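The structure is given below, and queries will be raised subsequently.
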């Protein structure tokens, strides 16, 4: 949905009409690929999540089993991380929404008389994508690093204690998460607002509604599809992110999120069942969100 | 919200928002000119040295080269597979539409950790050695859906009557595709390819899970971040950024020029 | 130019055509014969199946049942790119990534005809667009695009040219010009044209034969004058021009005519102009064939008279006045009076009788249901 922001507004009203065996040739390779490299790994994840350590005691080896207890283990062990992930994601998503909405409104509604300017501004919005995700997170880390002038100034004016730093705090992690996912929120919002018919707003004003009321009762509800789409596109990746919260970047052991535990379990401790169980839990939560969305709006608008 | 203030509030806010968005990019750029030693944390002085001798530190260039290679190969496959699906979705009637839409959507909605861990588990249980090939296989998988979305938008804007006119004018289905459909889809396919390449190039999480010991540029940045990232990484990052922005801007300005020229009537 | 093309087009025959789509049947049972060299119009409201018929002939759809013959060849199973048929699409469907010269040359290139560019240039000259050959379609106006679409189809000398509401997007003046041009080209070149439209004036003006379609069937087919003068069904009577319809049971019959009684008036129709001779029949007459009188006219064997009624509406349309007369127990009757320059001959509210010649009546095969549009 976000990518509709860049397509031309010419939408020919053509229903799918053709039939024939060609469809299979067009669909099969790609779908088969996804079947092998997407679906099967997910199933593999579920299976690994139920495995138990190899009885011969070889480190890092596991055997197929049906140990549901793995799930109980990870939930109890990593409960704080799970809660933290979803609350960070929620806060960051909300912040992204609040920051992005006026920007999307400006580009999508106010700047309509200048389409070239709109395109240029959209390019600016997605500009961060063109520089490595890690580099831009690293940049924030260094801007807010312990020796930076921002932190020293804040310490001097007493906002921060002499031993308090910014990097490694939940604030910094949420800040980073919000920043990195603003384009994901802005683009769907823009798409929705770009299609908003100004005459609705004019009608509202004509019918004695104040600007605040117009926004609350007309603009925002009409942009709701974009809000929902943007929220999904933001919340889901944030919930699984582990770069921002990792120690090398903006976080610390106190801010470890679900993604960090999965990564640690998989790559460091080699505790594959735990990592897989956590992944399945994360995936499950997201599937619930997606199902709610699909039940409401169907699958045609997903892509 | 009073109106006189309101007129400037929004543009002003947007400017501030853009500045906020661009800060890390500017920072990266600036520090690519830093006359740094091992770490690039403190500003020591301005120099072009890092730009001119980017590959003095071999590792960063090898990583960069790998990223390019992986990006190109993944893009070719993802674009080919995805274009077919996009055409099928827009033009053809078939059963299980909802399932196909869902299957294509899920990789975009799945967190990268899950994708990465899943694939890695599978490679592990199959005994496949992790390396460049596994990275490419992983990248094709998650780029596919994005290609479909992008090309789909372009196919939807194509009048089906054009293809029918082609058939009416004695072109067989193969000729219709190559002489009519494909040239008109090309901008969308190109956009999809660019998007796919960008996603592949910048990917870290999935790559990290499936890479073994091979280095890609993002992986290099990650591992180097702990001990100190050399300015050469900033150089590459800034260079890629500049190139990408220039391509996008050029495309948009070119499109605008074309549009203006075409709407001049006889 | 004419001698460049085949001297005549080909016959078209549709036998027992049925076309079903998931959820509805577009064409129930269609039999159609279009003689070679004729300008044939398929007329009907949207959804009647005329565009589907066109697409079946072009090969863009396959019939569920039935056969299609072009010339004497069975083309039912032939693909569109193998049929000697070309279409002018409603949206023109000009390839935006090619110049109009390349557009016109496209079909020639596909068939590997030699000198495609030269022939394309001639075709463009035929439609007076030779000087714009290097432009792209988006740079042309609607009327110009329409002519390019025509040239692109004609240049291939098809046995049969299909036109799918090609003038729909043009404004009135341009449409009139194009109607004249299309007809001229058809006559000069001698091709068979199959023209689909919902505009009855256009169909009657251009076509040698008109077929009126409704709900997947042809209701009536014939020369425009014949259709207009003697509609056979309620739908045709109301779709082609306007009609006043009176319904009653057949009372008396004579050697040549039959009559019904409606609200105390005897209405007659010649037997050879009536589709049924017994039972309940709808008899109609055209508004321009009737006159109204302020005094009841004397009865006559060749005159139908109804009334008295009250004039409830007068509309001035330039060439004529349209009078709406409410006759009790009979309904509203429309009468046209040619504008002869006199000031209004009658006022609202006046009581008048309406008469028309019996020979101008027509008897329909079905009865109005009250849901037809006027």
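Observations on the model:
For clarity, chains are labelled A, B and C in written order, and residue numbers in each chain start from 1.
We take it that a contact is a pair of C-beta atoms (placed from the backbone, for glycine too) under 8 Å apart; a residue touches a chain by one contact, two chains touch by 3 or more.
Being a predicted model, the structure only gives us computed values, none of them experimental.
Counting C-beta pairs in contact, the pair that comes out ahead of the other among B-C and A-B is A-B. Of all chains shown, the one whose average CA position lies nearest the global CA mean is B. The centroid of the Cα atoms in subunit A and the matching centroid in subunit C are 59 Å apart. Distance between chain centres (mean CA atoms), subunit B to subunit C: 55 Å. Subunit A and subunit B have CA centres that are 17 Å apart. In subunit B, the residues that touch at least two other chains are 159.
Those residues of subunit B that touch subunit A in the complex are listed here as 1, 3, 6, 10-11, 13-14, 17-18, 20-25, 27-28, 31, 41-42, 81-82, 84-85, 87-94, 97-98, 100-107, 109-115, 117-122, 124-125, 137-138, 140-141, 144-146, 148-150, 152-154, 156-160, 173, 188, 191, 195, 198, 202, 204-205, 208-209, 217-218, 221-222, 225-226, 229, 233-234, 237-238, 240-241, 244-245, 248-249, 252-253, 256.
Subunit A makes touch with subunit B in their complex at residues 3-4, 6-8, 10-12, 14, 16-20, 22-23, 25-27, 29-31, 33-35, 37-42, 44-45, 48, 99, 102-103, 105-107, 110, 116, 119-121, 123-125, 127-140, 142-143, 145, 147, 179, 182, 210-212, 232, 236-237, 239-243, 248-249, 258-259, 262-263, 266-267, 272, 275-276, 279, 282-283, 286, 290, 294, 298-300, 302-303. Here subunit C touches subunit B in the complex through residues 58-60, 79-82, 85-87, 89-91, 93-97, 106-107, 110-111, 132, 135-136, 138-141, 144, 152-153, 156, going by the rule given at the top. By the touch criterion stated above, subunit B contacts subunit C in their complex at residues 159, 161-162, 164-172, 175, 179-180, 183-184, 262-266.
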